[in-house]
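Some structures are shown below for you to check.
One chain, chain A, links the two complexes that follow: it is found with chain B in the first and with chain C in the second.
Let's turn to the complex of A and B:
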């Protein structure tokens, strides 16, 4: 535990060194959010609700996705696959903590800073520009926080597991890029999943992708509640479990067949 | 004349070097092309699924929206390929490492060397997607491809490519002083690409004014698409609006060339 906290502190400090980059990113995020805000609003010019997704939910959806994007790492990350390719992954065998624990702590440190400097600031700025809805009850907000935490875990476990494909594929970059590209649509990053065709939602429902972003957003915007909410959070829990086991297995199999030539 | 010919040969040699080195890993390059095309494709598919559900966005039907998207995707892909060397994300590290200093030592025009220093083949993915969607939409909307329309489309695409290219050069020139790339430039490059794919009526007046008088995105894709598709112009732009694109990109290109030359003259190296 102590080791994890040390890693979290170190990466958080590292990330803090890039303050200007973080703020520059924030400016771009806000501009982007404004463009998207008007596009998404245009969908609702005829009716205030599409398939149960309301215009006011959509207006909150935009800053929320823009704000959480960096925190949840929706665009993915390729660091681990590069560590595998260059053989640096061998170091993980020497560390006094597990591979998974190390990388999760690493990402946690980064995300923590991004949450403070980017997510929260962005939402505040947007709040000054446009009306942003909030969860209807404190309980709803509590569920949002639970669901967001689970989303963070799923998103990062997923990043780790597909990065480990580098153990077998020589050029994992291409594979990762492909997955991250499709992911934008499937997680609800590009558009709210509910306004996409029903058949599409039916397919995506059985994948871990909506659990990475769409679920906490639908909770925050009060689109779901009651039994549906409980079911979606349970689904997230299941994905955390499955991916946790998945990462462990894949890592063990990868390390088992790994051969690194000294140099 | 002889000299220009020599430079042209040199440029194409640099490009062929890039192409050959990237093509030597065939599977990996194919994968890169596919994955790059997926970024544009998921966005296009996503928005088309939504417009299809709603019937239209503002006054634009599904295929008309697809046309706006396809034009921008194709042009931006072309620009991203041709101006790869001026991509600020690539140029800033090159300044830091001192790669740019090497260009200054060689007896060839620096600008040509930068253009020839990088040619990212995976951008072909975006170009192919943009082109295919453009063809499919033109067929679906039954637009007669007369010589006039074809020539007009080529001019518009050329204007879009050079406008975004000038933004890339602008973003790179700044790094002469800042060393770091300035992320806010992304607002006009990648953000600009995003903006020109939307029907301009959806924006409020203040944003539309910025896109008309500050960075005239409105004339780059929206006005030409209204003209090509024979749509009614909801913003009552002047009748010459569809023909402003080449003028605008010409002015922006000229301004950035001056800025680039000025920056080059005052370049002081990072000392690496």
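Let's turn to the complex of A and C:
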């Protein structure tokens, strides 16, 4: 436990070394956010509600997704697959700390700094420029925080599990790029999932992707509540469990193959 | 290495084989045949030993080290290090070994060195007092203070290697595996690292296994050596024994005042006479050099004597050649 906290601390400290990059990222995020804001506004100007998703929810949806995407790592990360490819995974095998614990702590440190310096700052800037809605009740806000935490876990467990494909594919970059691109649509980063065709929503519902971003957004914008909210959060919990087992299994298989065939 | 009592053996390797699976393909050109990287190797390393592990590129050196570190599992045979099977109980095992790969880094590139060391302290549960002692000790021997607060990416190669060694030894491992630690270093940096390693080996009785292509590392540091070629151990023993094994003969060159006609001495295998100079080749174990000089001085007036011993390079080259 203590070691995990130290990894989180160290990664956070490292992330702070890249202040210029963090600042540049923030500026880019804000610029794109403003662009997306006007785009979605134009989209809703004809009808104030599509499939139960209102224009005011859409106006909150943009800064929220824009702010949380670095925290949740919606665009993915290729660090682990590179470590596997370059053989640096040997270094992690020589550490007396589990692979999963190490990388989750690593991402936690990074996300913590990104939350402070990018997510929160971006939301503040948007708050000054445009009206942003808030959860209807403190309980709703509490559920948002719970759901957001689960989203963080699901998103990062997913990143780890697909990065592990590098154990079998010589250069996993292509695979990862494709997955991360498709993910933009399926998580609700590109459009709110609700405004997409029903048949599409029905399919996506059975994947972990909405649980990575769409769920906490719908809670924050008061689109879901009651039984539906509870069901969605439970679904997130199930995905955390499944992905946790999945990562462990895939990692073990990858290491087994490394032990037998070398790096 | 051989014949050492098994009681204090820290590393015990029995008959290990490591095969790498080939790949068969419909297209012949794409098929890769199965390779045997390590072919029935056995050895024992007593605690506190400093072993040099040599071999040409592709001989199976790295494969052996990786198996000892638990990164590879042998196809057959067994390895016990300090009573543990390296790849089975990995988390417990890695706390007892320090590993430095000359070409890889365990340090955080963009952070001051001290941050990496602090993290290691937490990962390995090193008590604070012990950590401070060690840090002080390394600072004295390796001048870590100079660059402890500098980001690792700004360190010179020599400084980085000193940092890597400190990181690998911070938690007092019983065994240290070094894979070409002096690669690319200048003479001063090399010498400093050698002095440090000798010190660690003596004072802390850390068992050290060193692979290198730099034979002067071996000459200065290792009490015993192992040479591997084509997956098999072709020599295991002391450095002195190596010369004997190859039949490395000494050449004594004697300059004399007179023009020598002929010279014979029991045990001297070859005598070459050129222009008032005698070159005598013999095996050091067969000839008493004192008697030999006396014999020459009775026949001629000696002006100068010079000995030429076979260099370790030439001996090792010969061993590599033999196995081919």
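Here is the rule we use: the second predicted complex is superposed on the first by the 258 of 263 C-alpha atoms of A that agree within 3 Å, B and C clash if a C-alpha of one lies under 4 Å from a C-alpha of the other, contacts with A are read in each partner's own complex, and residues count from 1 in each chain.
As a working rule, contacts are C-beta pairs under 8 Å (C-beta built on N, C-alpha and C of every residue); 3 or more make two chains touch, one makes a residue touch a chain.
These numbers come from a predicted model, not from an experiment.
Touch criterion met: A:43 reaches chain B, while chain C stays clear of it. In the superposed model, more residues of chain A are touched by B than by the other of chain B and chain C. Looking at the shared chain after the overlay, A:95 reaches chain C, while chain B stays out of its contact range.
Of the two partner chains placed by the overlay, neither chain B nor chain C lies in contact with A:238.
In the superposed pair of complexes, A:7 makes contact with chain C only, with no contact to chain B. Of the two partner chains placed around the shared chain by superposition, neither chain B nor chain C is touched by A:253.
Of the two partner chains, neither chain B nor chain C is touched by A:139. Once chain A of one complex is fitted onto chain A of the other, the partner contacts of A:120 are absent, as it touches neither chain B nor chain C. Of the two partner chains placed around the shared chain by superposition, neither chain B nor chain C is touched by A:129. In the overlay built on the shared chain, the residue A:197 is in contact with chain B alone; chain C does not reach it. Within chain A, no residue touches chain B in one complex and chain C in the other. Only residues 25, 27-28, 31-32, 34-36, 38-39, 41-43, 45-47, 49-50, 52-55, 57-58, 180, 182-184, 186-187, 191, 194-195, 198-199, 202-204, 207 of chain B touch chain A when the two sit together in their complex.
Those residues of chain A that touch chain B in the shared complex are 20-21, 24-25, 27-28, 31-32, 34-36, 38-39, 41-43, 45-46, 50-51, 170-171, 173-175, 177-178, 181-182, 184-185, 190-191, 195-197, 200.
Interface residues of chain C, counted against chain A in their complex, comprise 20-21, 63, 66, 69-73, 87, 90-92, 94-95, 97, 99, 101, 104-106, 108, 110-111, 115-116, 118-119, 122-125, 151. Interface residues of chain A facing chain C in the complex, by the touch rule stated above, are 2-3, 6-7, 10, 13-14, 17-18, 87-88, 90-91, 93-98, 258-263.
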